[in-house]
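In C-alpha cells below, several structures.
Same chain, two partners: chain A is paired with chain B first, then with chain C.
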Partner chain A sequence: MESLRIEAGKSSPEIDFDAASGVLRIRGESFPENAAKFYQPVMDWASRFLCEASGPKAVLELAIVYFNSSTSKVLMNLFQMAEKAAASGRDVSVRWICDAENETAIECGEEFKEDLSSLPFRIVVTPGG
Partner chain B sequence: MTVDDQHGIFTAEDRLLREGERLLSSDSFASPRDGEEYARLLAGYRSLLVQMKRMVKISDRMEGELNKASNRHEELSNMDPLTGLYNRRYFDMAMARDWKLALRARSPVTIVMMDIDHFKDYNDRFGHLEGDACLRVIAAVLDDELKRPGDWAARYGGEEFVLYLPDTDAEGAVRIVEWIMKKVASRGEGSGELKRPVTLSAGIASMIPDYRVPWVDLLKTADEALYRAKREGRNRVRIGTLAGK
Partner chain C sequence: MSLNLYQFHEGIKKEGILFCYSGPISQSTVEGIGATLRLNMELEDAGASTAQTVFSVFVEQMQNILNYSAEKLGSIPETEKELRKGVLVIGHAEDGFFVYCGNRILNGDIEGLRSRIEAIRLLDKDSLKTLYKEKRKADPEAGSKGGGLGLIDMARKAGKPMEYGFTEIDGTFSFFSIKVSVQEKGSWKV
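Right, the complex of A and B next:
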C-alpha cells in the first residue's frame, strides 16, 4: 500500500501515514473549513489499511494542539474504526501526544479514551516548554 | 459508557432512549427479527448519543481555551509592556467610553497629564535600562495610589503619563497629584530603585462634561497646563482653564 502524505495547511494538520512502518501520524492544528472533505482521503486510507486483518502493527499517533468540533467528530469516527479493527484482532493502538502545559489537550485525550474498550489508547505527555 | 450531563441539555434524547428501552422490554414486536433489528438500532442510537455528549464536552473545553487566549490577548493589547500600565490604545478607547458615562452622570471629570522632569538627562546619564527602571517606578506609584473605583492611569508616550479621575474636581486632583509626587520623591531616597531623586510635573484639566466639548479639549488643556508647570520651574502642578469657560 502506498503511503499518504499531506502537508500542514493554515488550518489543517500534517498527515503522514506510512504503510511500511504502520505509523499513522496527524500533527498540528485542525480546523479545516470543510472537515469532511479534508479528512475523506485520510479516512479512506485508514479504513483500507485497518481492514487488512493481516496488516502490520498500526499506531495512530496524534499530536493535535487545537481542533474544531467537526474534527472531534472525525477523530471519533477514526477511533471507532480502529476500535472495530482492534476488536476483530488487528494490532492497532493510539498514542495521543500532548504537551504537559496543554491541559485541554490532555483532558480531551481522556474524553476520547473513555468510550474505547478494545483499542489501547495511551496519553503521552511530553515535557512542556 | 455514560457522560455526565449536568446541564440536562440532552433530556429529549435521554427520554427517547428510555421510551425505546421500554418498548424493547415490552416485547411487542411482530416477530423476533423485528425485535432484534429494533434493539440494534436502539443500541446504535445510544452509542451515537454518548459520542455526541462527549463531543459537546470536548468542544466546550476547546472553546474555553480559545476564550481564555482571546481574553489574554485583549488584555495584552491594552497594556504597555514596559510598565504594565494601560497603553495609549486603551487610553483612547477608555476616554471615549468614560467620557460618555460622565456626560450622562453630569459629574466632574479630571484629566492629569504628567511628565518626568529631566528624563532625557536621566537616560543620558544612567543609560536606557535605568531609564526603563525609572518609568517602572513611576508606574508602580501610580498603580499603588490610584485605588478608587473608576480611576485609571495610562502611559501616554515616552515619559508621559495620563490619569483619568472621575467624580473629581481640580482641587481633589491636586491633592492626589501632590500625594503621588511625594511618593515618587520618597522612592528616590536611599531605596536604590532610582539613581537619583526624580520629580514630576503635572497639568490638570477639570470639567463637568458638556456635549459641545469633545474630550480632546480637556486633554489639550491638561497638556497646556503641564507645559506651564514645566516653564515655571518643574516639580509642580498647574491647573488649566478650558477655552470658552
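Right, the complex of A and C next:
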C-alpha cells in the first residue's frame, strides 16, 4: 500500500501516513473550512489500511496544537474506526502528543480517551518551552 | 462623509475593542485575521490558555459566518468558494475578552437557531461536556456543514451565558448577533 503525505497548510495539519512502519502521523493545527472534505482522503486511506486484519502494527500519532469543532468530529470518527479495527484483532493504538504548556490540548486528549474504552490511547506530554 | 475616521476610531477604542471586521469572509480571512489576533493577544498579555480560548471562539464564530450567513457575494465556481458577509468584533473588557459576531439569516431559520442556543445557553459545564461528546459521536445533522458542535463548543468556552439577539431587516432577512465572553484565567469570579 502506498504511503499518504499531505503538506501542512495555513489551517490544515501535515499528514504523514507510512504504510511500511504503520505510523500514521497528523501534526500541526487543524481548522480547515470544511474538515470533512479535507480529511476524506485521510479517512479513506486509514479505512483501507486498518481493515486488513493481518496488517502491521498501527500507531496513530497525533500532535495537534489546535483543532476546531468540525475537526474534532472527524478525529472522533477516525478513533472509532481504529477502535473497531482493534476489536477485530488489529494491533492499533493512539499516541496523543502535546506540549506540557498546552493545557487545552491535554484536556482534549483526555476527552477523547474517556470515550474510547477499548482503544489503547496514550497521552504523551512533552516538556514545554 | 468627510475623510476622517478619528471619531470612529476613538469610539471603538473606548469600548475596549481590539479588532473590528465587517465585510466578506473567506477561509483566508479566518487564517489571516487569526494570525494577527494571536500576536495581538500576546501584546495584551493574555495567558496562553486565555489566548487559545479566544482564538478558538474566533474561529468558530468566523466559520459560522462562512457556513451559514445568508448574505452571499456569489460563489467562485473554479474554487467552489463562497464569500459570505458578516461582522466580527473582539474586545477586552474588565473581566476578560469578548468575541461578538453578527450576520444575516433567513427569517425562517430564526426559531431553529434560537432553540439550539436556548437548549445550551444555561447548561453547566459538565452537562455541556456530556452533550458535546454525545453530538461528536452522533451522525451529522442535516444542513450542518461543520460538525454541529460549534455552538456547544463556544458555550463550553464562555465565561458566562452567551448573549444573542435577532433584529428584523425585512420580510426575508433578520440580523443575528451573538456575543461570547471569555474569562481571563486568574480573574475568574464565582
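What we mean here is this: the second predicted complex is superposed on the first by the 129 of 129 C-alpha atoms of A that agree within 3 Å, B and C clash if a C-alpha of one lies under 4 Å from a C-alpha of the other, contacts with A are read in each partner's own complex, and residues count from 1 in each chain.
One rule holds for everything that comes next: a contact is a pair of C-beta atoms (placed from the backbone, for glycine too) under 8 Å apart; a residue touches a chain by one contact, two chains touch by 3 or more.
Just so we're clear, the structure is a prediction, and the values are computed from it rather than from any experiment.
Chemist: Once the shared chain is lined up, is A:108 touching chain B (first), chain C (second), both, or neither of them?
Modeler: Touch status of A:108: first partner only.
Chemist: Tell me the contact category for A:7 with respect to chain B and chain C: first, second, both or neither.
Modeler: After superposition on chain A, A:7 lies in contact with neither partner.
Chemist: Give one of first, second, both or neither to describe whether A:69 is in contact with chain B, with chain C, with both, or with none.
Modeler: It touches chain B and chain C both.
Chemist: Which partner chains sit in contact with A:91 here, chain B, chain C, both or neither? Use first/second/both/neither.
Modeler: After superposition on chain A, A:91 lies in contact with neither partner.
Chemist: Between chain B and chain C, which one contacts more residues of chain A in the superposed model?
Modeler: Result: the larger residue contact count on chain A belongs to C.
Chemist: Which holds for A:52: it touches chain B only (first), chain C only (second), both, or neither?
Modeler: neither
Chemist: Given the touch rule stated above, what does A:44 touch, chain B (first), chain C (second), both, or neither?
Modeler: Neither partner.
Chemist: Applying the touch criterion given at the start, work out whether A:35 contacts chain B, chain C, both or neither, answering first, second, both or neither.
Modeler: second
Chemist: Name the residues of chain A shared by its contacts with chain B and its contacts with chain C.
Modeler: 66, 68-69, 72-73, 76, 104, 111, 114-115.
Chemist: Quick one: which bits of chain A touch chain B in the complex? Just the residue numbers, please.
Modeler: It is residues 66-69, 72-73, 76, 104, 107-108, 111-112, 114-115 of chain A that touch chain B.
Chemist: Which residues of chain C touch chain A in their complex?
Modeler: Those in contact with chain A are residues 27-28, 30-31, 34, 48-49, 52-53, 55-56, 59-60, 63, 66, 129, 133, 136-137, 140, 145-150, 152-153.
Chemist: In the complex of these two chains, what residues of chain A are touching chain C?
Modeler: Within the complex, chain A contacts chain C at residues 10-11, 31-36, 66, 68-70, 72-74, 76, 80, 101-104, 111, 114-115.
Chemist: Give the list of chain B residues in touch with chain A in this complex.
Modeler: Against chain A, the touching part of chain B is residues 1, 3, 47, 50-51, 54-55, 57-59, 61-62, 64-66.
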